[in-house]
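Have a look at the structure below, then the notes.
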């Protein structure tokens, strides 16, 4: 290990290290963050949910978006897998269907960052994803 | 020095910064009771654990009570030493201490001299509450030839621990265990004889209760006195006469030589002799040995062992046998005066009187507890018969006198018997620190220079400082002298010699504070060190009043050499008056 | 650091390790490997989550799923279901004791809702053996900031303004303590961390050292800079092997990064620490005793003044703070005094960690803002009294504290209020008692502890506490008389008033506070000779209900001391003088004819 | 108290321990820890060697050994049983557990069984209060112990 020689070095080091810890930091304050849940049941995984999740994690990390990506069970929209639920603080949760990597990036850039509405929203009458568990 | 104004029991007091509440109160005549606190200011000895909590006082604005012995005054302090809160606390704590203390005051050997007993009387303790379910902390009793330990009576004042470790650096005792069973004891709570204890007895001298007391041989002495087949003679050490009077209410420093002799004679001793005579004899042997070594040294003999160390003090002998086994050939080989007296009595006086050795009982009255151990050392016993049969302390003599219905104050002054009762001023000052070496110088000077010494008072060798150094001009030859009293100071001096820091020709060492006058067999000083100072002055007074003040002028000593010993360091003298030392390993 | 989508945090504190949490870590890791999820999920051994009652704990990030009482056999299921498929293993979720519903994530658990973690900020969050994780959470940033931007005086000033008070028991203002030590001139000074946690039932210091050792090292270095000391010593209980290990690992890492040692972070400041072990003496929590123990002596306290800040370790100015106090320090410098002093009450700022134990549902370690009420702690965080029993008292402050009752439930907890209520903050033990606990026996339990732990130096503590204990023994064995209560009260007050150190000055508190709050219970013991809680064996009275007794003689045969007599098929009687209250007859009787009072 | 007759190699290891702390009396407690780890207990003979090496009185060493409850002068059993008597464990019935161990082993707290298999001690808070009452045997922790389980636990130690 190299010695840390100044406060500046320490700060740089912290910046490099905090990526790995971000997920834990964010989980501390979930209410203030955008929460994205990827349905990760067998049907979801089969349709490529894992790739979508990876894309989302990388995207929000890269753009430094205050969001947290979690995985959930089957939401019951197996026909539309992969599905993701996005909860922006202060808004009702929204579920997107047929999400692939390109769609995922679009959701982040347009819906989460700019607040634009997008296609692919599944109209629902459920309250939260958890009730389906 | 900055001064501080405080108020104690509504009295305004101004004291120097650093003064404790206890000291400040004392200044205005308020005696706050203490139990564990010990301050021998003339000797620089202090033990202040703050453990007994008897000296607590109320300080306004403070949450709890303050121990006055260890709380320094701060500006504006308002102190109350005897309101209800303080009195109740003090009394309750004292009751607690008594609840863990045997209730056998009537038969306790410290009865009448016990600080705890005195305090209970002062505080008016008439009952101890809730004592019926109270467990007592009890320990195995320990009897050594010099002192007894009955730690059931220990109140954890820790004075003995301070003395043994910090003052004497002997390290035989330590606080052991924890909580209710905490006590001061040797390692593994073994007996003192198996510990590095030197039997200096200073722990006894400061014990406020009957936990540490001298081993008492007075019954054996009474039995010998009553035995018509025995000739019983007694020798009294120089320091005894300067302190015995205190036991009878006389002022400290009162010399009671004549009354003491009268009392001893009245007790039934066949002859009353003086250890001072043997002290003169010691000077002849030790002084000659010193001069022998110095002249060899001056002649360029590199193997000669210098400095020479005095060997009169038995606790000191025990100390170097334990801690300086590599230096066993440095001390003088001369026996102590007590043992020289015993040897002369049993080998010469028996001839003179025509009594058999086993029919002569030699009793010594000593200010010392280590003497009890010394007279039992194997090298001083011939065919099962010791040179000195019993050694009793000054306090024990006092209690013998009291028990034999004598009114000490009214006794006439009497003289010692001869031939072993005649002494010079040099023998007398053996009782005080620096005295032995001063006595040796008086004789060695005249022998070495062949000139008469006009000024016999070597004030540069006197005083109560722990370590003293002086150079005496032996007619052109400077003789460097070191003096230490208390074993911790002896250790400092010896370590200084070993490291090459000091260079001496002769060193005198005494184990007890102030020398023998501060011995553990003396009347208890109860923490007042001015008593020791007064005794020291008395010793020098006796010396100055003597007609003869140099040992070699003692006519009976001259006669002893002429008739019996030949000359100092003769073969006979060597056999009867010298000894050798043994390595001990009890650390 | 690698980017994992999921972190599995496993508690590696002593409590959970006792339930094989190390094996859980191994099993989780191997299952992750089996399923090829190494790049997705990371298993991290952390410090204590505090919820020891339901340990071992596995927490899944980012969804905060909180699995309790996980067994090593459960690991495969957690990975396969939760990590792989996103399905929570509901049987391992925490069940709310009142609603019996599973709670999915820790944010919704009553245990955590009222907590506020400052001293424990990293416990259960980072891997204590990985300095990088500490740095990623702004570790050593406070030290860096102080070294490069502040003078010692400025730094001390911040601490003074924050209002932080010592968490070891006394509550002395920490900034002021540092200031005194900084003003005493000496060639060498020392910073000492008191980690000799001896209060039975309190384990916050251990948890902090196990869960976040770097925060202590950082704070000690800050203190060293402020007071002008280059040496730090952690005095730690030898009975804490895990904490010792983690502290050693942390110190090594800090040295490798140059965060300990010469010229830290390029400044002129040099500082390093070493460890000293305690050896089982509660009194060594007292700072002068602690210092003597560090010097290789018996851990006996000495009269203060002189305070350690003037004359401490090896006679040099020494600043002693306990672990929890130090743990707060970096956070204060990072977030500022305004933030810190906005938490808590007027005179007690910040938070306090408590070890919640006893007859309570959620045993564990909690950190709450000062000013929270006992009711919130016991009923909301603690989940109420175990087995639906009635709350009787809560003991705070360990052997130095007192018992608080129903009437204190709504008192805001802070240093001063607890003292006013007859107890104290102490190091933060909080033991809840229910209706089955006899308060005389509780006082006796604490006194037994004090008697054993008294160093024996001063008379009131050495003998007085022994006498208090004997008197309580007398009362609980049915031999007490009413005057004994007055005796206890007077003796207790005198011990408090006259003892040398904090141990004796507070040891009678359990007696005084139980007499104050449960006088009737004492009275019942000494007048009617009954124990209302039914706990004192000697005060139970066994009698035979004549109407129910069939004279079957089963009890006669069961009685070991022949205390029961009677003709066959006639009602029997028990001789109370012979009866030793063993209860054998009660168990044997088929007709419930034995009555126990 | 039991003593141990020291062999040359024993004395050497004590000296090595003392030397590793530069024979500094200030490190006495650390040295005693190391020596106790080495010998399992601190017999008289070991204390004497330490005292001599550090040039302090053996009374002082003994005073320190008897002050701290962690140090023992009696060898422990092959399986050292420690019952936690912290407040949390006490409130949850640790006393009854201790009583049961005493009964089963027929020894007092602080004692060792005649065959040297078990020794019984109580200790203060291991910090596993969630598992109260807690018993430690060697390194193994038993949580939520009830008196009824004591025999079973003891029987599981067959050597």
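The chains carry the letters A, B, C and D, assigned in the order they are written, with residues numbered from 1 in each.
The rule we apply is simple: a contact is a pair of C-beta atoms (placed from the backbone, for glycine too) under 8 Å apart; a residue touches a chain by one contact, two chains touch by 3 or more.
Model, not experiment: these values are computed from the prediction.
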Between A-C and B-D, more contacting C-beta pairs sit at A-C
Cα centroid separation, subunit A vs subunit C, in Å, comes to 40
Rounded to the nearest Å, the gap separating the Cα centres of subunit B and subunit D is 44
The distance between the C-alpha centres of subunit B and subunit C, rounded to whole Å, is 54
Here the gap between subunit A and subunit B, centre to centre from mean Cα coordinates and rounded to Å, is 89
Residues of subunit D that touch two or more other chains sit at 63, 67, 69
Subunit A residues touching 2+ other chains are none
Where subunit B touches two or more other chains at once, the residues are 175, 177-178
Touching pairs of chains in this structure are A-C, B-C, B-D, C-D
In the complex, subunit D touches subunit B at residues 1, 44, 47-48, 51-52, 56-63, 66-67, 69
Residue positions on subunit C within touch of subunit A in the complex are 1-7, 9, 61-64, 84-88, 90, 104, 107, 125-126, 132-133, 135-138, 140-141, 144-145, 147-148, 253, 256-259, 265-266
In the complex, the residues of subunit A that touch subunit C are 1-7, 9-11, 13-14, 16-21, 23-28, 30, 38-42, 44-45, 53-54, 57-58, 61, 68-73, 130, 133
In their shared complex, subunit C is touched by residues of subunit D numbered 24-30, 32-33, 63-64, 67-71, 85-88, 90-92, 123-132, 134, 141, 143
Subunit B residues touching subunit C in their complex are 48-54, 56, 64-65, 67, 70-72, 85, 88-89, 92-93, 96-97, 99-100, 129-130, 133-135, 155-156, 175, 177-182
